[in-house]
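You will see two complexes here that share chain A, one where it goes with chain B and one where it goes with chain C.
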Partner chain A sequence: MKTRYPLPVFILFAALCSYAFNTQAATAPIKVSSLAEVEVEVVESGKKIIRRGTPDKAVPGTEVIFTDTFENVSDKAAGDIVINNPIPENMKYKGGSAFCTNCAIVFSADGGKTFDVAENLKLRGADGKLHTALPGQYTHIRWSYQGQLAAGKSGEVGFRAVIN
Partner chain B sequence: MYCSDKSTVHSVNPQQISACRSVARVRQKFDVRTLLPVICAGLLLLVPQLCRAVGTPAGTIISNSATLNYVIGISPPSTTTSNTALFRVDEILSPVLTWQDGASVSVNSPGSNDVLTFLLSNSGNGTEAFGLTRTNGPTPLPLGNYAPLNGSIGSIYLESGLLAGFQASGPSADTIYVAGTNEPVLAPDASMTIYVVSDTPGVASNAHGVVVLGAASMTVGAAGAAPGTALAGLGQGGGYAVVGGARAQANATGNYVASGMGFVMNKTVLAVLDTQGTAVVMPGAVLTYQIVATLSGAGTASNLMVTDPLPINTTYVPGSIMLNGVSKTDAADADQAQFIGATQTVSVSLGNVAAPANTVITFRATIN
Partner chain C sequence: MKSNKTKTAFKLAALLVTAILSGLASLNAVAAGTASGTTISNQAVLGYTVGGVGQTGITSAAATFVVDNKVNVTVTEGNATFTTVVPGQLAAVTTFTVTNNGNTTQDYALAGANVATAQTLFGLTDNFQTSNVRVFVDSNANAIYEPLLDTATFVDELAANGTATVFVVTDIPLAQVNNDVALVSLTATTHDAGAVGLGALTLDLLAADTVGVDVVFADAAGSDDAAKDGKHSARDAYKVVSAIISVAKTVTPICDPLNGNAFPKNIPTSAVQYAITITNTGSAAATLGQATDTLSAAVLFDPKLNSGALPATNCVSGNVANTLSASGFGAVSGTGATTYAAPGLAAQAVTAGVAVVGQGITIDYPTLVSPATASLLSGVLPAGDFITVYFNAFVQ
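Right after this comes the complex of A and B.
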């Protein structure tokens, strides 16, 4: 399906994009990067060990580990750090897998409109009643970093999800 | 805020779409035209997801990115976005075959072109072609079983989809399978009915004929490889083709059973006609006897002969034998029926009769 946009929309969009990239590349005091990995069992020196690697056999049912690493590259401490990560399309969140250090974790099951801790997260079922949302129904994860992230320090949050 | 997040653009979650819509309503500055592609892309992606039962289609790109909000000093809150981590969903190769008949298919012995019905399904997540093979009477063949022969009209047929059930010919004819030419190609979760057609050699009644149908993924190097084997670049969409737990192949066994016919004879007095024209059984009354010979099951009864000695104290009415409503002579000639005077017996030679069949014989006798 082809959709025509007026030229000004393109120009505005391009300008916004280049501005965003430039500012982030040049001056963003916090760097954040996302990584997708799978666990693979390898045999080394006769022992089976689990290593992480790029998702090479990512068939439905495969569990993928997503890690968001953030680093304060400025010379000042940063506070009120909140990381938002939508569950990727075509994947289901694996219950209990969200991890971080020194932070609080809440979830959304309504596309990011409302967030709560897992046990309080409700979703209206087909019967019209509110039920506790199942991990596979989560749409977003939000981590709130406690306290300040000192200059030069980094942190890590992440979760596991299974390919539908 | 999530509507401007690039990972939301890939979203197909309906709640997310409606969330984006409501944001657009609230924020007047946000041009709804810029939101349209998001909604359209979301709705388009929603369709295949609803149709999907076996998993994300091979070749789908899965993306993840995070946004991070922070405050430094007295600066206003800021947001930064991660790179987008991308990977491709690979293809799992997983055919499934099941035999559909439910019970052994009854056949004549010898017989020709009897059909076993199988269902081939693709439980993988990519469109895949499958090669078919049949094994007649796989070893070790248990005692009492036999190896069917490939059907004289053809060995394996693919359902044409024009009319359910096997049609060898006609406008809705099914397609004969030729290896290397017309391997069935199945989309994820799709199925096709496969017919195995067999001739039956001369075997003992109730012997079982065993045929194994095999299906194997046509991706080079996949069929028979160890589960988990990943073939780079051979999956749908350019990713890996990964051999499933059943080695990218499937087998199902179907059975025939030779003959196994039932034969029942039922003799009744159909009518009585006494000398007064009423139906009183008395000397001089004429009885019309009817014998119904029913052949059930499947197979062919060879040289089937029905004989019926007359009851004592009755006299055969000459020329009264009828076979399926057609009069027959009493002589021992080519018309199947005769009355043997020496033994006072009505005898009908039916020859070779294919089951199921019904034969009706009537004759008359007078009470002495």
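Right after this comes the complex of A and C.
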């Protein structure tokens, strides 16, 4: 004799499955956020110190610190994490400022078509010759996080750019 | 298999991002920078695998902020030199340029003023104040002050990187003399644009950033204002040029009937020569009028400008042989110190512009004519020049 599950149970099972499915689709396993800050010199207890705050008085020439934070909010380790951040329009990347812990950093100077380390990035100049791209000409930054990001762990990457 | 999926997932994400943000890295060639009010947005895209299986890329929310107003204005003097004026000159002009070095269209209030005495510019030292200082904006960019056209008194709606030519116009007091110097300054103050007429004074925001466009003063200190005050200023100078006239009169013994011109004595019947020299040691030409001289009753005008040449008996009024000038006058002009020397020359005989009525001598410089006064045209004595007119008189 075949065992038949009653319809309600079947529906409940299906509902549970879909619920699990929906949970996975509704909440991203990795939370990614981007933050823009500037450094401000303040005087506290008679001493000048640097504090970070929202981009007050963001005018041409202001240097902005962008920090991308990623947090593994799932219960499984995540690997091969790659973060791609285009340099915002109206800004120039500040050479040497890209930071992260435990990752490799490459750049693109051709709109994201090719990525390489800074020394290898070439652009054709007005004279028709290839020149090493200047940091101000970079269009994208890409961080490759080394190893696995365990469940519950987070990491941080970022860079500085100056408003045109 | 898993590497393919990772690459595919990343490539898709990269393509998507590239499609969204087209026209990246277009260098902003405008020196003033990104226009205020522009929103700057940053987004990161994360790709990853779980258990070696490529997952859907995750895009962060955008971190955004608005570019604020960087107020920066510069005022520069027009032509790196002073303006030459004469005493009493009205509406003397000095020229300045006002440049909007900020990233927002602005109005600018303008103020012209005299600078304090003893300040220096172009190697000159201020020693007087001009009167009735006013300011006008060049309406047609030709750098020429045209009173009927250039009537605006503030700069209206100057775009980022734009420039405006501004005139400071002032009057020079009549009492000023050669080499007097007056310095003037022009100050431009940033005001809001957008409305008809001069906008409200632009204020530097001191409190924390708001969601809208805030104001940051980034100007340098000018000649008469401080840094980061929303203003800039520059100076220019007026230098007065005028004539400096000096008059000198000399008298030289020419002859007497006993000695002739060999050591003549000032005795009755002797002849003396009067020479009147006018010198212009100033920096501007002077228009001479008339000079009058009244001879003392003890002498009588010599109508023939006796040369005093020997024999001594020729030393009498009206002697034909010793006549140097049919009018009785000689004149010479030129540059520097006078070249006149008694007893004069026939080549310097005056043929017009002199009159003798009784003991009264009149020299009319505008109509004076002599072969040796070519540099004196219509009575105008150039700067640095002299004119000497001479005549004889016999001691009675």
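Criterion: the second predicted complex is superposed on the first by the 139 of 164 C-alpha atoms of A that agree within 3 Å, B and C clash if a C-alpha of one lies under 4 Å from a C-alpha of the other, contacts with A are read in each partner's own complex, and residues count from 1 in each chain.
The rule we apply is simple: a residue touches a chain if its C-beta (ideal position, glycine included) is under 8 Å from a C-beta of that chain, and two chains touch if they have at least 3 such contacts.
Here the structure is a predicted model, which is why all the values come from computation and not from measurement.
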Clash or fit (per the criteria above) of chain B with chain C on chain A: clash
First, second, both or neither for A:138, with chain B first and chain C second: second
Which of chain B and chain C A:107 touches, first, second, both or neither: neither
Touched partner set for A:55, first chain B, second chain C, both or neither: both
Chain B versus chain C as contact partner of A:163, first or second or both or neither: both
Which superposed partner A:32 touches (first chain B, second chain C, both, neither): both
Which of chain B and chain C A:88 touches, first, second, both or neither: both
Of the stretches 25-33, 79-87 or 277-285 belonging to chain B, the one that collides with chain C: 79-87
Chain B and chain C footprints on chain A, overlapping residues: 28-30, 32-36, 54-61, 64, 66, 68, 70, 74, 76-86, 88-91, 111-112, 139, 149, 157, 163-164
Chain A partner contacts - residues on chain C that touch it in the complex: 6, 10, 13-14, 17-18, 21, 23-28, 32-34, 36, 38, 40-52, 54-55, 58-70, 103, 205, 208-209, 214, 216, 218
Partner chain C, residues of chain A touching it in the complex: 28-30, 32-36, 54-61, 64, 66, 68, 70, 74, 76-91, 109, 111-112, 136-139, 149, 157, 163-164
Sites on chain B touched by chain A in the complex: 2, 5, 7-8, 10-13, 15-19, 31, 33-34, 36-37, 40, 44-45, 49, 52, 54-56, 58, 60, 62-73, 77-78, 80-92, 125, 228, 230, 239-240, 242
Residues of chain A defined as touching chain B within the complex: 1, 3, 5, 9, 13, 20, 24, 28-36, 54-61, 64, 66, 68, 70, 74, 76-86, 88-91, 110-113, 139-140, 149, 157, 163-164
